[in-house]
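Next, two complexes with chain A in common: one pairs it with chain B, the other with chain C.
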Partner chain A sequence: MMKGRMDKKTAFSVGRISAAVLSLLLLLSCPALPLGAQSRFPRPDFESGYQYPELSYAVPSETVWGWIDVSVLLLLLCVMTWAVHRKRTRTPIIISSALSVGYFGFFRGGCVCSIGSVQNVALALVDPGYHLPIYVLLFFLLPLVFALFFGRVFCGGVCPFGALQDLVNVKNLRISRPLAKALGVIPWIYLSFTLIYALTRSQFLICRFDPFIGIFRLGGDFGLIVFGVALLILAVFTGRPFCRFLCPYGALLSLVSAVSVKKITITPHKCVNCQLCHSSCPVDALRPPYGNTGREESRTSSVGRVLLYALLIPLLTVGCAFLLRSWAPQMSLANKEVHLLKLVTYSEQHPDGTPTPEVEAFYAQGRTKEELQRSVDKVHSDFRLYGFWGGALIGLVIGLTLLSLTTRRKRPDYEIAQRECVACGRCFRYCPQNMAAAAKPVGSASVPSSTDTSSTPESPSQSI
Partner chain B sequence: MKEKKDDNGNIGSAPIRRREFLRRVGTYLAGGGVLAVGGAAATKVKGKDEAHLYWQIDPSKCIQCGRCETSCVMGVSAVKCVHALRVCGYCDLCGGYYRTGAKVLDTASENMICPTGAIKRKFVEDPYFEYTIDEALCTGCGKCVKGCSSFGNGSLFLQVKQELCLRCNECKISLECPSGAITRVSAPLAYRLKDKA
Partner chain C sequence: MKKDIFRNIAIVTAIFMITLSTMLLVNYLEVRNVTPLQSEIASTLKTLNESGAASSSPDLAEQIRELDLLARKAYFVREGHLKAGVYILLAMAGILTLCLRFYFEGTRTLPEEDIAPLDEWLLHSKSRSYVLGLVGALAVVAIVLGFLSGKYYSPGKAVDGVPDTSLISDLPPTGGTVGGKYDEDPEDAPDTLEDGDVDNEEVKDKNEEEGGAKEENASSDSKEAGGEESGEKEEVSYSKVTSNAFRGNTSNGQSSARGIPTAWDLQSGKNILWKIPTPKPGFNSPLINGRRVFFTGADDSERVLYCVDINTGEELWHLSATDIPLSPSVMPAVNPDTGLAASSAATNGKAVAAAFATGDIICADMEGNRLWARNLGVPDNHYGFASSLLTYGDLLFVQYDNDSSPKVMALSMTNGATVWTKERRELATWSSPTLATVGGKAQLLVMGNPHVCALDPLTGETLWSVDCMSGEVGASPCISSSGTVFAASENAKMVAIDPSSGEVLWEGNDYLPEIASPAATKDLVYIATSYGCIAAYSTSTGELIKDHDLGGQFYASPVIVEGKVYMANTDGKVYIFSAGEGFPLIGSIDTGEATFATPAFTDGKIVIRSNDHIYCVSAAQ
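Now for the complex of A and B:
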C-alpha cells in the first residue's frame, strides 16, 4: 500500500514525461494497488482540466426500517391480544391479517421474519464473529413472549404466512387425528435440521425453502412458488397447512403457548355444548367433551403401557440421536467447505479436466488442501455434535407424540387445545354464548336460542 | 421439553390440582427458557455500525464467474458493475469495453464485451476515454470485470447496490458464490470501493 502511494506521488511530480516511460516505471516498481487492483496503465495526466466525476454510493438506513418493522410487529401483536382476549371478535383479526400480508409480506418482501430469525439467533449463539441486529432478536423474542402470556396471537394475524393462508381459507375439511398428530412431528424435524444447518454455519434452510416468499416478491424460485401456491390451494380447504405441519417457529410457539399464563377462551360464559365452535375451527384445535367414564382397560394393561413408554421414549431419543449423528457425513455435503474439498479432491484426481469456478477460486486465494481439510474436519465434528442433539429432539418429540395419542383427558365442555389454537377467531362468531355477550355487553347469563347463529355469514363446515 | 409433561403425564385422582401445578411449573420453565435464550443472544447484539445488515462482494476475492447475474432472487440482479475512475487508465483499447480479438473497434455489438450495452464511452482528450456504467442496463454478469482485470487496471468491479438489494436473511448469491466473496457486513463496510481503499 505504502509503495503504491509513493509511486503515485512520484508519478505526479514527473508530470509531463510521456506515458510510456511512466508506465514502464510503474510496472517496474509498483505491482500492488489497494484491494488487488493492478496498475498496468498509469493514471492519466489530464491536460484539458478533466475532473473526476464524483460518484456517491448511498447506503439506505436499515436502522429506520428495522425500528418501523418492530413497531408494526408490536402494534399488531397488541391489536391481536386485544381482539382475542378482550373483544373476542374476528373483524380486527382480519384487519390485522390484511395489514400483515400487505406490510410484512408484499411491501417488505417477507424479510426478516420471526420464523427465519430462529436461525440468526442460533448462529449468534455459536459464532462469535456474527453480529446480531437488535430487530432480528426482537422479531424472535416478541412473539414468544406474547405466546407465553397470551397464546399464539402472533400466528393469528401478525405472521404474514399464517395470515395469507387464513385469508384464503373457506372450508375446513378435517384431517384424521392420528394423521394430524403424525404430520405435527414434521415442524420439529424441520426445526432440528434448521438448527443443525444454522449452527454449523452451513445454510439457512428456512430461508432457502420458504414457500411464500416468491409470492410476496412476485418472483423467485419456480419450484418454491409452485409449492407455495399448492399450499395456498390446500389452505382453501383445510386450515393453514404450513402453520400446522411445517412451520418450525410455530412448533416453538405451540410449546410455549401450552403453558401460557392467559388461555384463549371462546366465551367468558358457560359452554352450551352446541358443537358450533368445533365445526368452525379450521385447525381442529377444539376438543369435544369427554367423560372418561367406565374403565375400558384393565389395570395391568395400563401399567404395561406406562412401562412400555418409559422404555420406548428414551430408546427413541437415543436411537434418533445416534442415527442423525451417523448421518453427519451426508448432511455436511450441503456445507460449502465440505463441498469445496470434494471438488478440489476431484480436480486433483482428474488434472486434465476443466476446473470448476470453485476450484479456480480456491487456488487463486492461495489456500492449501491441508488447511481446507482442517476446516472440513471442524465442520464434520460440528455436524456430529449438533446432529446428535437434533436427533435426540426428534426422537423425544416422536415418543411424546405417541404417548399423547394414548392418553385421554376428562373434559366437561368443548375446550381449546392451546398448543394448536392459532387465534384466528373464527369460533368467536359461531359461539352463541359469545355472540349473545357481544349483543348484550351487560353480561347476562341467559342461554340464547340457537337461531342466533343463523346471522353468521359463513356456513358451518363439513366434516370428513 | 419439560413443559410437555403437563400435557401428557397427568391421569390421576386429583387431575385439576396436579395439572394446575405442572402447568405453572411449565410456565416458569418456558419463561426461563425464553429469558435464557434471549439473554444469551442479547449479548451478541451490536449497534447499528457493527450489526451485520448488508450483503457485499469483496472484489479481491471475486473471480467473475457470472453467478451474480443468475442467482439473485430479483428479476434483474442487485449486483451491478461499478467503476473506480481513479484506478482506471482511460485507455482507448479497453479490455472491459471491447471483446478480445475484435476486428474493428467500433460500437457494433459483436465487438463489445457488455451484452446489454451498459458501458458508455466518452472522449475526454487524446488519447483518453471515460467509461461509465448505465446501471439500468447492467445485469451484473461480470464479463467486463473479467476483461478489465485480465488486461487492464481492474477498475471495473462488481458490487451489491444497496438501494436495490432486498437484504434477504441469507443471500442466494452468497450460497452459490464459488469464492466466498459475498459476506454479511456492517454499515461502514456496505461498499468496498477500489478508489476509496
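Now for the complex of A and C:
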C-alpha cells in the first residue's frame, strides 16, 4: 500500500465536499438570470407623440483593446513556455491560468478567443468583403506557432476555457483510454461543421454554442450555462473535458504539437521509471513504458491489418464526403436566408398568422422572393461543396485514427503523448528527477541517473 | 490542523452559497414574473390615457408617470440585488475552489500497487471498436436529426409560434397565384346540380373520401372539446377552415371550405344543425373559428359580443361592452338599416374583437375573458358606424370613417394600443377593409370617397391611391385570383385596378352594388345589387358575361366557396351559382327569413344570420 493516501475519515469528508461542489456549481448558473430578465423590460412607452432623442454611441476602441489582448496573449504564451520548458514548475502556470481566466474570461468576456478565431479566418478566406482584423488573425496564428515550437503551451494556462477547467480540477478520475480515444474524434467533427457553417456564411457555431461564455459574462443562454456548469463539474473530477473531447481549436493544436520542435518533457534528465507520475496527468497523456511483448502475432497478420485500415482511409474519406454532401439541405436549414425563405413561404401561405419580425423586415427591405430564392440556391450549392470537403476531413480523421491504432511501438520510459499533453504541468511535481533538478541547476552531477536509484525517496508522499 | 481549517471554511462557504443561491433563485423568479406595465391598473390607466382623458386630467397623467417610475424603480432595485448576489456567489465559488485545492494539497493520486504490464494491443483493439461505435452512433444521431429538422421545417407546421389557422390559404392571390382550389379551376368543382333540386350526396361522398385528411387537420379545439367533456361525449373535431372576419378571413368573399351543403330547409329542419334566436339585433355577419361562432348584437341597453358552439348553437359565453371609459351613456342616433351592431367582429384565433356604433371596441380572449376595451369616440356618421373589423396577426384594422376625422387605425389585439393611424381626407363610408397579397407583400385595400387606396398593413403607409368613387360608398373591395383589385359603388362606377402600380385597367357601370361587396375568381367578378340583379364580369376585360334579375335586394355579400357563389337576399332566398364559365344558377333555397348578413363558411357547415335567427346548415344532417 502506498503512503500518502487519504484515510477513511478524510475520504468521507472529501465525498461530502465533492457533493457540495457538485450542487454548488449547478447553482453557478444563476449568473444567467439577470440578463434574461433584463431583455423583457421595454423602454418607456410614451404614446403621446413624444419623440425619443437619437441615440448616440461612443466609438468603441476595440482596436486598441485588440492589440492589448494580443500583447497579453503573447506575454502569457512566453510565460507558459518558460514555465513548461525552462522551469518545469506549476506555480507560474497556475498564475497564468488565473490571469487568463480573469482577463480573457471575465474582463474581456471571452472574446476574442483563439478557438472562435478559426471561424473568422475561414470566413475571410471565402468572403473578400469580410474584414479580418489583424489581431484576430494573430489570435489564430500565435498559439499555433507556439505549438509548432513548444507544444500546447496555449492550452496549459493561456486559454481561459482550459484554465478555468484546470483551476477547478480537484480529483483525477481516469476515463478509459479506448473511450477517450473514440471521444477524441469529436473535436474534428466539430471543427468540420464549424468550417462548413463559417464558409457558407451561415453561423459561427463555436460562438453560438460556447459553453463558458455565459459564465464569463454572468449571463446568457440558460441552457448553455447549464452545459458549461456541467462541464466544469466534470472538470472537477476529470481533467479538461471540453479541451479533450470538444475543442475544435485543440484539435488543430494537437496536430501541430505532434511535430513540435521542442517536445514537452517532465524532466530534462533520465527517467528512472519510478512510476510516481503514472496517475498525475489529468488528460492521460502519459504513456507508460511498453515492451511490445504482450501479444505475439504473425508479421503477415499485422501487415494485413495495417493495409486493411490504410485502404479504409480513402473509402471513409469519400464515403463521409458524399454523406455530408447529401445532408446539405438539412444542414442549410440553419442558414438565415434558408430559414427566411421558409418563413416567407409560410407567411404567404398563412396570411392570418402573425408575421414574424424576420418576415416584416424582409418586406420592409423591399426584397423579393425570387431574389431570396436565388440566394438560397447559392447557399445550398455552398453547403454541398463545403459539406463534401468537411465530410472528407471527418472521414480522413477517422481513417487515420483507426490506422494509428493498428501500429505498435516500443517505449523504454514514461513518455508524454505530445498531441494530448495540454502543458498543465501537474506531472512536474511528481517527478523526483525534476524536483531534484529544480533544487539544483541542470547538469549538476548530483542529479540521480537512471541507474542510481538510491536517491529515489522511499515515500513518494514525502517527496512531493 | 491546517486541513481542518480549509475543510471547515469550505463547508461554511458551501452552506452560504446554497443559501444565497436559493435567495437569488427566488428573487429571479419574482423578477421574471413582474410585468409592471401590463398590470390591470396600469392597463386601465393607459387606456384612459389613450382615450384622451389624460390631456384633460393632469392628475391622471401624473398618476401614470408615478406608477411607471415606481414600477421601474422596483424592477431595477431587484435586478441590482440579483446582480450583486451573483458577484458574491462567484467570489464564494472562488473561495470554495481555493479551499478545496488547499485541502487536497499533498494528497495526490498515486498508483496504489505495482502497475500491471500494459497490453497495448488489447487497448488498440478496444479503441478501434469504440471509435467505430462512436462514429456509427453519431451517424445515426445525425440521420435522425436530419429527419427531425426536415419535419420541423415542413411548410405545414407552424414556425416560431405562427398559428396555423387554415388548411388552405384564404388570402387573395400573390401576384396571380390562387387561393382556393376551385377558384383556380372551377371545372374541378363538384358537378352542377339541377335548379332547385340540390342534392347533397355527391358532396357527402367527397367528404367521406377526404375524411382521413380532415381528421388529421382537426384544430386544437378538438382536444379542448374532448378534455372539457371528460369522456362523457365523444371527442368532436373541428375544421381548421376559419372565417375570421366579415366575408372570410381576409374579407375577400372567398372561403376554402369543402363539403358545403347546397340544400336545406329552415322550416322542416332539413340539414339544419341548430337554430337559435338572435339575442339582440344586429346586421353583422357571424365568424367561425374552430368550435366557436362569434357575432354581436346591440340595443339601447347593452352591446354584446356572443360566442356559441358551432355544433350545438349553445352559448359558450358573452361579453358586454360595459365600463369603457368615454363610452357614451346615450346611444347615438343611427339609421334603422344600420343599427348599433352593423360591424362584424374579427378574430385572429387568439382573441376576438367587436365594434359598435358607439365607437366602443372590446376584445376578449377565446374564452370570453375581456382583454381590453376602448372607445374611439362616437363616429360622426349619419347612418351609423358599419365598417367591419379585420385582423392581420396581432393587428386589428378599424376603418374609422366619419365626416369629422376619417382615419384607418391599426390596434394591437393584445392590448388595444394604437399601432398606427392613417388620417384620411375622405367622406364617410360604410365599407370594410380587405387584405390582399401583391408581389409577396400584404396590402390593406380600403375604399374611400373619393379614393380607393392600398395601405401597408404594418405601417399604414399609402401604397397607391385611385380617385374613382363618389356618392355613398358601402361596398368593400376585393381582389381576384389573377391579382386585380375591384372597387365598385352605386352612383359611382366599377373600377379594375392593378394593385402593383395603382393603374386603372378598366371601368364599368352596368351593374353597381350599393351594400353587397363584389367577389372574384380568376376570370369573373360578381356583383350583387340592391335592386335584385346579379352580374358577372370578365376580370380581364370588364365585359359583362351574364346577369340575372332575381328580385329582392342583395345586402349580404356573395361568397365564393367550393367553386360556387353563394348569395342571400333580403327576402331570405339563398342562390347558389356555379363560379365557372357561364355563371349558371345551380340552386336556390327559400329560407323564409330576411337575411342581411353575409354567411360564414367552414368545412361542411354554413352559419347564417337572418333577421330573427342564427342557424347552422350542415351537410351531415
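To be clear about the criterion, the second predicted complex is superposed on the first by the 377 of 464 C-alpha atoms of A that agree within 3 Å, B and C clash if a C-alpha of one lies under 4 Å from a C-alpha of the other, contacts with A are read in each partner's own complex, and residues count from 1 in each chain.
Note that a residue touches a chain if its C-beta (ideal position, glycine included) is under 8 Å from a C-beta of that chain, and two chains touch if they have at least 3 such contacts.
Since we're looking at a predicted model, the values are computed, not measured.
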item: Which of chain B and chain C A:Thr265 touches, first, second, both or neither; value: neither
item: Partner chain(s) touched by A:Ser192 [first = chain B, second = chain C, both, neither]; value: neither
item: Contacts of A:Thr356 with chain B and chain C, given as first, second, both or neither; value: both
item: Chain B versus chain C as contact partner of A:Val168, first or second or both or neither; value: second
item: First (chain B), second (chain C), both or neither touched by A:Trp327; value: second
item: Partner chain(s) touched by A:Leu179 [first = chain B, second = chain C, both, neither]; value: second
item: Which of chain B and chain C A:Cys207 touches, first, second, both or neither; value: first
item: First, second, both or neither for A:Tyr346, with chain B first and chain C second; value: second
item: Contacts of A:Ala364 with chain B and chain C, given as first, second, both or neither; value: both
item: Chain B/chain C common contact set on chain A; value: 33-34, 36-38, 40-42, 44, 47-48, 356, 360, 364
item: Residue ranges of chain B touching chain A (in the complex, touch as defined); value: 1, 3-4, 6-8, 10-11, 15, 23, 26-27, 29-31, 34, 37-38, 40-42, 44-46, 48, 50-54, 59-61, 63, 65, 67, 73-75, 82-91, 124-125, 128, 130, 132, 149, 151-155, 159, 161-163, 166-170, 175, 178-180, 184, 186-187, 190-194, 197
item: Residues of chain A touching chain B in the complex; value: 33-44, 46-48, 50, 52-53, 55, 57-60, 62-63, 109, 111-113, 116-117, 119-121, 124-125, 128, 130-134, 137, 140-141, 144-145, 148, 203-204, 207-208, 213, 217, 219-221, 255-256, 258-261, 336, 356-358, 360-362, 364-365, 393, 396, 400, 403-404, 407, 409-410, 419
item: Complex interface listing, chain C residues touching chain A; value: 3, 7, 10-11, 14, 17-18, 21, 24-25, 28, 31-32, 35, 37, 46, 49-50, 54, 68, 72, 75, 79, 82-83, 85-87, 89-90, 93, 96-97, 100-101, 103-104, 106-113, 115, 117-135, 138-139, 142, 145-146, 149-150, 153, 155, 158-166, 169-171, 174, 242, 244, 249-250, 348-349, 391-394, 417-418, 435, 437, 439-442, 458
item: Footprint of chain C on chain A - complex, ascending; value: 1-2, 4-6, 10, 13-14, 16-17, 20-21, 23-25, 27-28, 30-31, 33-34, 36-38, 40-42, 44-45, 47-48, 167-168, 170-172, 177-179, 181-183, 185-186, 189, 218, 275-276, 278-280, 288-292, 294-295, 297, 323, 327, 329-330, 333, 342-356, 360, 363-364, 368-369, 398, 401-402, 405-406, 408, 430, 460-461, 464
